Structures are given as structure tokens and as C-alpha cells.
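The first chain written gets the first letter, and so on, giving A, B, C and D; residue counts start at 1 in each chain.
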Amino acid sequence: MAQPILIAENVDKSFGITHAVKHVSLQFERGEIRGLIGENGSGKSTFCSMLCGIYHSDGGRFMLNGKEIRAHNQVDANRAGVSIIVQEMGTLSGLTVAENIFLGNEDRFIRLGVKNTPAMNREAQRLLDEYGFGHIKASLMIDHFHFEDRKLVEIVKATYFKPQVLIVDETTTALSQYGRDELYKIMNATRADNRTVIFISHDLNEVLQHTDHISVLRDGELIDTIPSQSATEDELKRLMVGRELGSRYYRTDYPDETKPLDMVLSVRGVSVPGQLQDVSFDLHRGEILGVGGLSECGMHELGKAVFGASYDRKGSVTLADGTAIRSIPDAIRHSIGYASKDRDNESIIVNDSICDNIVLPSANDLAENGVLMQRKLNRFAGEHADHMSVKMTGIGQFVSDLSGGNKQKVVVARWLGKASDILVLDSPTRGIDVKVKADIYSLMAELRAAGKSILMISEEIQELLGMCDRILIMKDGKINAEFIRSRELGEEDIIAKML
Amino acid sequence: AEDKIKIGVSIWSSTDTLGSEVKRILDSAAETLGVDVVYVDQAHVSEQVTASAETLAMAGCDGMIICNSSSAEMASVINTCTDNKMYLAQFFRVINAEANPTEYEMAKTSPYYVGTVHESEPDNGKRLVQIVCEKGARKIGLMGWEPGDATFLGRWEGYKAGIEAWNAEHPSDQATLLEPQYGRTTSDTGRATAEAIIAANPDIDALIVAGGGGDPLVGAIAAIEGLGLTGKIQVVSTDFLPDLGEKLKAGAMSAESGGHYADPFFAFMLVYNAIRGNYPTSTDGFYEVIFPYMFVASPEDYEAYAKYFTGTELPYYPDEIKAMADYTIDQLKEACAALSVSDVVARHAK
Amino acid sequence: MDWAARFQKLKTNRVIGRFYGLGLLVVMAAFFFAIFKVLTPNNFGSPENLFFYLQSSIIYSVGACGLYFIVVMGLFDFSIGANVVLSSIVGVVFSKSFGYAGLVLGCILCGALIGFLNGFLYIKLNIPSMIVTVGLMLIYESAAYYVAGGVKQMLDPSLQMFGRSPGNILLSFAAFFLTNFIIKHTRIGTYCYAIGSNEYTAKNMGIRVDRQKLIGFVLCHVFVGIMAVLSVSYGTSMTATTGMASMIRNFTPLMGTFFGLTFRKYGTAVPAIIIGEFIIAIIFNGFVALGAPTTVQNIVTGAALLAIVAFTARPQKGAIAK
Amino acid sequence: MKSQNIAADSEARSARNLRNARVHNRLQAFLPLIGLLIIVAAFAGLTDGQIVTMRSVRLILSQVYPLMIASTGVFMVMTLGSLDFSQGSILGISSIVISWLSFYSIPLAIVGGILTGAAIGLMNGFFHVSFRIPSFIVTICTMYLFRGLCAYLTTDAPVAAMPSITALNQDWIKLAITAGVLLAAFLVFRFTRIGIDLKAIGAGELAARYSGVRTDLVKVLAFVAAGAITGIAAFVNVVKVGSITSTAGNQFETQILIALVLGGLPISGGAKVRFSNIIIGTLISLILNNGLVMIGLDTAMQQLIKGVIFLAVVALTIDRKSLKVIK
């Protein structure tokens, strides 16, 4: 057998205590498309980011064509023959399409310091045409194009120089069928050219169809690499999930659903341009309602819409007594709390004290005639932080010093402090270790028992299955399915409705 | 160092053209008389003007001289001086008795307000207008530096009075003065403003650059040269230029008044003598010393001026300064009134 | 497609888009021109007058071009005015021995040095650019005083070519073309925009961000050095004054930069800077022609600029502005 | 076993890091105060103790009032991470209004000055918030605008206040006003949710919005407050100066900026601001100004030293950690 094109030897990476990639050793053959799958947070992106110089590995090395590759940034990696289409937006606004494609690699158009813009535009246009993306004009600002076209530009940027190894990290979710087909063509062409593609996707069907081998990661560990031809979706899922459901930290009760529930929140015909279409559902007292789907399905926006945080929201969100929720202050005043998926930017004020963070939504309640006494605030914040057993040196400590799990505890503490009856929790256990996860799950169960209502948005199917009384699955901005909690309900049922 | 007299100078800027000349003459006097001087630049910003007196009091000055930007500020300055037993004299400025009677009264009653040395700005303005009118100008543009500056307002009064006087005498040959525009204190803004004035009023035959430290004047002359109007538009001003002689020769300038950088010297002398107890300060009045402007209207005038006023020369030699230190107030007034180009030429020719 | 969308589409067309931006600018200039022409038809706005307005405005446009490099990266510089003063004085001093070469090179090299110092200290001390340049402004002002020796620096009449019409036009338009060239035809321009757009991603693309910022500062102050040549040639003298007096010189170029930023999306930053400053000159001269005090001009300029920035801004909902 | 060791190890390390960070933070907070003490000590040495005499203290205080009052307002704006360059113009215009109204009644004049400042602040806040234009662009535009207006109103003569108003120019009155403003602002900052809101917006606007802070409203209010408070500073100014010229308030905004930065206020605002920044900063700034004069240096040298000290103080005290990218 020929020498593998890329070898990862014992690659390791931790973010603080989170061991994101655990001593992974992997080989990639020349002329193959390799699927890389695993649950959210299993370390796929981190693994690829190290290869591309976006992160530095803590240990191990990558060998490309028998030579060690140590990239310090993406352009380095490109020069060495590795390129990546990242999960997030990778284009820069304010630059033209052509400038974006050649950013950091303009040298070939520069003679004596002069950039030959027409030549660069021509070349970019030629590439775009060649890829069949002729509708994108190379000389225009990237800002003129919507998300999908920008992703196509990224595809061109990452592949035009025929890299030895091309990484496609969950790009397909952003693409329509047309874009996907174009991407598959490029992947196939790369393989035909005896080069290699690493393809990351949550769409198992897609992975099975388009890859030669599939490697499965779970909690940062390499589980197995299997040939695609003989694999089945079920087998992949088993490899991905691996551990037993529910045994340790999920709920174990399966209440009989005949018990009538009081509606506490009613969502009717909610639409947000480009994100949500006509979503309606009810949330009941003492219920954990799960919302699942693929990242871009609109479920994260749904949390914002319920919390009154969406711009241009249509439709209504009302409480049982008919009170309409139109803005964030409305929501907070009426006992709705919200924890965002983007914890550091939206949930918590990182550069502020734990005390201020916990107190903020409750400030009006804590004030006597508008006066806030620091002692009272401290007591309040201290109580709730302790209740959540936040690991801290004191409530004056800045949140930026805390670990992810403890940040999340602070977020929860603030809404418990506000005595919120309805909690909208978006990806509450994202990037959190097992112990804190367990804490959060047991807290959710407690709250549920106390008659509070929780809308849990999650990308983790097991979590939905393990915790929710009811699960809504979203697709393309709409509710695609609804499941009631039961022992029989399995991941497959859910995945089937997500894709 | 304890008994050395210390005199503060509150000035708009000790670094611009006029300011550094003022500094030069004051430094020389201080050195001659063994006095410490301390400068505070206040940019003619009212609140900084009043603060400057406090700063000087803090610095332990026995007296100070000040160029304020409006009369009303003097109330605060006089208070500060009285409270801190610091003698005070104004230069380039006088408290306007009609507009600011309270401040005027305070100045009179304060035992620390020694007096003021000032030019008669209205007279100066009037005289300049007379010169240009006599040289044939009938429509006169006017460029100030900052709106509302006390000195400019005084000069403007004079320009208007000059026009009135001319028109009263020549009912059939009237002259007009345009509304002022403001060219700030740099040469490029001065030029832009002068160009704008001329573009809007192509028929003006004279331009008064009221002052502003000389830079706007330089810009205005450049504007006129740039437009090819040198000699067609007379320029008069109240700031001397380093190359005034050439400009006069070339007809770029018509007449100029100035030389007032020696004025603070007399204010300095007032305070110096008050500190030494030579000039008793009454609680019902103060000394008023009128400083004459020097007028230069020909290259020859300027040559003499340049020789004895600029460069390394100063209008008074150290031994003269020493002698002046013991002048009575009347002698001092006389010396001040006598200062002119020919006076300096006569004294220094010896 | 409704009208608005069709219009939007037109604006995004590359060629028409550029003309749209230019057109908007010309319409604005024409608007102010027309107002004053109607109000005071006889002494405002003859072609000859307009040419003079242009000559006084291009000085600031050159400085605005320089500042543009800094501001698109999200940085700021308060030492523009101090640089004009210091560089002019250095230029005049050198012109006494080396003539035009001394003047031009003195100003530009002094500017480049200042730019280097600003960038270097900003990067090494890690202090926000706005603050570091306030401190340096104080220092440059005093440096200028010591270089000038407290004396008004007069530019020799035989060296005033850049204060008159072909000289100033040639030099400043050379500067405009150079700016446009650097922005559009070298990697510097691309990298400046990239850093302004997202510093982190830019770093990931292999752009050496610190070096690029340093280049930005040097370029900025080289253009300010050219502005110094034009300023001192136009005014024919320069005086060093301390006490933050140079701050006032920051603002007129800054106004032009605002225009450039506002019209950047149409790809017409440099023309916007030139026409923007020209509009400011029109307003100024218009008020002088009306016989209204120039003070009114500042009011109108401030208000007009605020209005232009406000109405060309199309803020995204929820966007964060500090 | 081994992994346990590693875990314990990293636990200990992070505890140590935390401790160090805390000590560092505390030190960071006291640096400006230390700076003030060093500067006082240095000038006391250089001026034979003159700067610490009762007289000097009184005189410095007398200069500090308007700056300290106005800095209090700008402090709020800068806590947001925004800037206000229109302060000097506000001081000028408010002073003019106060001078006009002083002929009718002093209380009316004070109210008028405050309202004028508040109105300009409202304009700043409105344009900043509703068009999302960076505050420094908006306030530079309004600075230009109102400086022009100020010059226009003082073209023919300085605007004089009623002469008897200077009778109010007494230390205790100015001290009382300043203390009143500081105390009121402190109480609001410390004992109402406004303080928490301001810091939260500066530290993370988006998260603040999601925590129920009405960010747009609070931002506008901060600009209004900054204007209104400068209206009060304008009253003290009028009382001291008696009449208003076109240059009134020139460069005031820069003095405020320099003072607050010297006081250790992070320019990005946020939760690390401290109320003491105002007091320490204005004092450092004025001691520097006056001390250099007392030493008897010439102006250019004073300014050179001031620039160097400014940069040095900022370089030593600035908190770089809370700035993700330094712009």
C-alpha cells in the first residue's frame, strides 16, 4: 500500500480542563474522501483546526507526505498543501470576492508591489466560472452576497490551488441542494486527482454516500475507522453514541401523559425573516419541552424569539393570562429567563463580576424605592451562587476567570434568583464537563418538579431524549415533528426528522 | 532664593510669534533686575485665564501681569490676586469701564491691582483706516482672528470710527467697511479666508488684517499675491512681520502698526515697583499707562525698526532697564509714551 | 422585483454602483453650490472661484487620505495637526539649505518618522491609538517649538511652487492617485480593510497585523507630511504653538475621512474625500459671499456632516457601536 | 493515578493563577492612586513643599471644580465604552445660556444651563444610538457645530453674566456644588441599577441586552447626563469667569479625556471603572499642570514633560487584559 498522504500521530489538545482531542492517531490515504463524524463537541473541528494552524496542538504531530507539517496560520497550512472550509463564516466583509479568494496569497498578482487587480479579478472570475459559480462576480464586494454564495467563495478559496488535503467542516448545512452538488463534484474531482478530502458532517446519509472511509470521534477519542461501503447509518450512530443513555445523569421517570397540563406560554405563528417560519406551540407548567434540529434549523432563533430578543419578529408569544411578550424587559418582568448558546457574548457579561451578573435582571426587585444596597446585592448574589455551588473565590470575582461550566452555573443562578417560571435554555450543557452537566440536569429535574417550565434547545439528541417531556424537531425554520417522552423513542426517530 | 522677587506672566501663548517676542523682552528685564519669571499659557480661553492667576499664586509669585481675553474675567483674577496678596497689572488690555463697571470698580478698590498698560486700540484702528483711505481705498475688507476677542473688538470699533470720520469729511466720496471674517491664527486658514473675502468681494481695494499674531497676515499676503492683486489691494495690519520691509517695498503691504511686544515690559515694571513698595497702590484708582503703537508705512521706517527692535536687539539696553527700575510712575509713563522707532534709534545711536 | 429592490440592484452593480456613489457626491456638492448661487449669484461660484475653493480644500483632502488608512483599521490618530506643524517647520528649515528637495523630503521624511513613532509606540506599549497619539501630540508640539526656536518660519518666496496652481494641484492629485493606488492596487489596502473587518481572521490568513498597522501609521503620516508641504506652501509660514493648538488642525481632514468612510461601500473613498472637502470649502466660501460670519459656517458644516453620516448609515439591527 | 496527579496539579496551578490575578487586579486598581502620591511627592520635593501648602491646595481645588464636575458626566459615557468630544462646546453653550438667564434669576440660570447641556447630550445620544454611528464621530460633529454656535453668539462681544453672579465665586459654594455632583453621581452609580447597567453595557453590550438592560435607553441617558452635568460645570465656570468668550471650553474635552485616562479609567469602559478615577485623574492632571509651572520650566518643556509623563503613566497603569484587541 502506498504511503498515506497524512498521518496524525498522537495529537492532543485541551482547553483548560476540557480535553477536546485525546491522543488521536489517524491515517488518511491518497485519493480518498474520509468522513469524520461524531457528536457535537466530540473534537472534530478542534482536530482539523490544529492541522490548519488555527490552534496549536498540545502534543503529537501531523505528517503530510512523510514530512512534519507545522502551520502557524491558514496561509501557512495552504502553502504546505492543507486547506479548510471552516464551519463559521470565513470571509471578510469590506473586501471584494477576488480579494477574499486570494487574501494572504496575492503574491502571484503582485509585480514590484503593484497588485494587478484586473488580472486578479479575471483569475478569480475564471475560477468561479470554472467551478460553475459564474453568478458570483469576482470584482464585487463580498457584502453584496448572501451566506450561501459567500460559502461558495470560501470553497473556491480553499480549493483552487489544489491542496493535498482539503477539509470540509460542516459546510453543507449552509448550502442548498445546488451548492451541495457543486461541493460533491469538487470533492470527487479531488479524489480523482489522487488527493484527499476530510469531510465533516452530521448528515450521516450524506457521509455514507460520498465517502470512502469514515472515522468516528467520541469525546475527543478516535473510536474506529470503517469503510463506507459496508457501513450502515445505525452502525455509525452506535459508534458515535457509544455510551448507555440515561443511566447516570438523565431523568429516569416516564410520567403518564394523560395528566392534564396547564399552558403557561403560547407561541403562535412566530416568524423571523430568514430564520423562522410560522412556528406555533405551547409550553406547559412543569414541563421540559425540547427543541432539536441541525445547527441552522432555526431552533436557536426560536429561543430568542420567545425571549423577545429577535428583531423583526412576527406572530405572538403570550403568557397564559394573555400578556404579550414583545421585548426582553417584557420577558424578564414576566419571569422568563434565557441562556444563550453563545454564552460568552449573549448570556453573560464576561468582563464583569459574578455579583453584577447575577443581580442584573433582578435589580428592580432588589431596589427599595430605587435604591440598591450593595450588602443586599452581595447577599443575594452570594446565596444564589452558593446554591448553584459555583466554584469561585468570591462574588466579586470576574466571570472571565471562571471555567465554562461555572459560567453556565452563574447564568442559571441569575435566572433562579429572578425566580423565573419559564426558562429558555439554549444548549445549556455546551462545552461543559460531565460533572457540571449532571448538576444541571438534576437541577432541571428539580425545577420541573417544582412546577417551572423549561424550553430546552439542544443539538445533543441524547440530552433531548433523556430530559424532555416533549420534543419538537425543527427543520428549515419550521417545526417538522413532535415526539412525546417514552422509553421507546430512539435517536434514529429523531435524526430521521432532522435531516 | 526666598527674597528674590517672582513675577508671573499669564499670556495667551509664550511660544507663538508675538508671544515669544514678549517673552524675550521680559526675560531680559527679569535677568537684568534679578527677578524670577514664570509663564502660564492660557490660549485666551476664559476659564484658563482665570485659572492661570491661581496657578501663579500657587507658584509663589509676588506679582503677575496678564493679558486677559475679556474684561469680565478680571473680576475673578483680581479676587485671586487680592486673596493671595499678589500684585497685578494688565498688558494689552484695559477693563472697559462702561461695559464692565463692576470689574472696573473692583480694580480701583483692590490694593493689589496696580494698573494697566495698553494701546488705544480704537485709536490704532482709526488711524489705520485713515491711512488706507488716504492712500485711496474705498471698500475695505476686514479679517479678524477669533470672534469676540476683546482686542479685535476694540480695533473694530476704531475701524468703524475711522470710516465714519472719513465719510463725515467726504460726503461725496464714501468709504465702506465689510463685516469681519475670521481667519484664525494660522497662515493657511488666513490665506483661505482672505481668498474667500476677495472672491466674494472682488472690488475691495484694501484689506485689514486685524492681527492674530502675524500668521494670518502672512497668509493674506500670499492670497493677494496668488491672485495677482499685489498693489491693487492695500493691506494694513497690526502685527509686524519678519520680512515687512520687503513687503512694503513690493507694495504687498501698505502700512502696519505694531511693536507692542514692549508693552508687557511696562506692565512688568509697574508690578516690579509695586512689589518693592515704590508705587503705592491706592484703594481708589490704578495707574493707566498708554502705550503708543508704532506705525510703519515705508521701507525706511521698517529698516530702522528691524535694526533696533528685532533679532538680538531690544528697545532697551540692560543699563537703561536698570535705570528705569527706579523711575517714578510719571517718568515711566513718559518713557512709555516716548517709545517709538525714532526714540530707539536716537537712544541706541549713542 | 419592486422599485426599491431594482434600485438596490442598480446600486450594487459594479460600474453603476461606482457612478451612484460619485453621483450622490456630485449631487450633494451641486446642492450646496446651488443654494449659495441662488442666494448670492453675483459674488459666488464663478468657475474661477470654484477653482480657488478647490485649491484650498485639497490640502485637507491629502491629510484625510492619510488618516483614512488608520481609520479603516479601526484606529485613530490625534497627532495629525501636530505633525503638520512639526513637519512644515522641519521642511522649511531644510528648504533653507536644500531648496525644494529639502522642503518636500524634509516634510515627508519627518512625517514618516512621526508615523513610525506613533505606530511603534502603539504596538509596543499596547495603548489604544487614540490615547497614545494624544500623548505624542503634546510631545510633537513642543518638539516643533524647539526646532523652530520660537520664531515664525517663513518659506522663501522662491520656494512657494506648491502653494500655487499647477504645483499644488499636481502634488495633491499625485497624492490622491497614490492613495487610490495603494488602496486598490497593493496588498496594503486589502490588508488594511481586512484588519478593519476582523483582526482575528486577518491574523489567521497569515497577515502580520502589527506590521500592517505600523505601515498604516507610516503611510498616514507620509500623507500628512505631504499635507504639510501644501499647507506651508499655501500659507507661506508656520509657527509652532504649544498648548494643544494643533488639535484644531485634526478636524478638517477628519471630516474628509468621514466622507471617505461613508462612501467606501461604493468604491469611491478617495473621490468622496476630495468632493467632501470641496463641499466644506463651498459652504465656507458661500457664507463669506453672503457676508455671514464664518462662524455660521462651522454650524452648518457640523450639521451637514452629521446629517450625511446619519443618512448614509444603514445600521443593522442590533449592531453595536461604541 | 497519574491523571489524578495532573488534575490536582492543574487545580493548584489555577488556584495560584487566580490568586496572582487577584493580587494583580487589586494592584492595578491602586496604581493610579500610587501614581498620584508619587506625583505629589515628586513635586513637593521639587517645589520645596510649596505644592502641599494650604494655599496651594485651596488654589488647586479652585481649578479642579469644573473639570471634576464635567469628568463625572463623561465618566458615565466612558463607562459605556463611548466617548464624548462635544464637552467643550457644551460648556461654552451652557455658559452662554446661564449668562443670559442670570439676569432673570440664578436658579433659572442653573436650570437653563443644565437643560441646554442635556439637550445637546440628547442630540449626541440620539444620533449615536438610532443611527449606530460611533459616538466619537457624532460628538466630533456636534463639537464642530456647537463651537460654531458658541463663536456666533459671542461675535460682537463676550456674553456677560449678571455682574453680581461673581459674588457666588466662593470656595464653599463651588466646593458644595462639586461635592454635591460627585455625591449624587456616586449614589446613582453605586446605589441604583444605572451603575450596574452602565458597567454591563461597557463590558458586554449584547449580554447586557439579554440580561434585561435597556441598552439604547441607558446609552442615551448617559449622554444626556453627561451634558446636563457639564451644564452644572458651566455654572461654576460662569461664576468664576463672569463672561463667556468664543473660546470658552476650548479643548475641555481633551482635558477631561486626559484626566480620566490618568485616573486609570480604561478607555474601553466596563466593569473595571472606578469612581475614584474621576477624583484621582483630575487631581493628577491639575497637579501636573500647576507643578510644572511652579518649577519654573518654560512652556514647551512643560508640555514635553507632560506628554512623557502621560504616556508613562498610561503605559504603566493601563489594564490590557480586558481589551481583546487594542484599537
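For this structure, a couple of remarks:
Everything that follows uses one rule, which is that a contact is a pair of C-beta atoms (placed from the backbone, for glycine too) under 8 Å apart; a residue touches a chain by one contact, two chains touch by 3 or more.
No experiment lies behind these values; they were computed from the predicted model shown.
Taking B-D and A-C together, the chain pair joined by more C-beta contacts is B-D. Note on chain placement: the centre of subunit A and the centre of subunit B lie 73 Å apart, centres being C-alpha means. Centroid to centroid, with C-alpha atoms defining each point, subunit B and subunit C lie 36 Å apart. Subunit A and subunit C, compared by their mean Cα positions, are separated by 44 Å. Multi-chain contact residues of subunit D (touching two or more other chains) are listed as 151-152, 155, 206, 209, 246, 251, 299-300. In subunit A, no position touches at least two other chains.
For subunit C, the set of residues touching two or more other chains reads 145, 242-243, 293, 295, 318. In summary, the structure contains touching chain pairs A-C, A-D, B-C, B-D, C-D.
Interface residues of subunit B, counted against subunit D in their complex, comprise 13-15, 23, 36, 38-41, 43-47, 49-51, 54-60, 69-73, 75-76, 79-80, 84, 99-103, 146-150, 153, 182. Partner subunit B is touched in their complex by these residues of subunit D: 50-51, 55-56, 59-60, 62-63, 66, 91, 151-152, 154-158, 160-161, 163-164, 166, 169, 237, 240-252, 289-290, 293-294, 296, 298-300.
Remark: subunit A residues 16-17, 307, 309, 328-329, 332, 338, 340, 345-353, 356-357, 359-361, 363-364, 367, 370-374, 393, 397-398, 400-401, 414 touch subunit D in the complex. The touching residues of subunit D, when paired with subunit A in their complex, are 7, 10, 14, 18, 21-22, 25, 190-193, 196-197, 199-200, 203-204, 206-214, 270-272, 322. Against subunit A, the residues of subunit C that register as touching in their complex are 12, 14, 72, 181, 184-187, 190, 193-194, 196-198, 201-207, 264-265, 267, 317-318.
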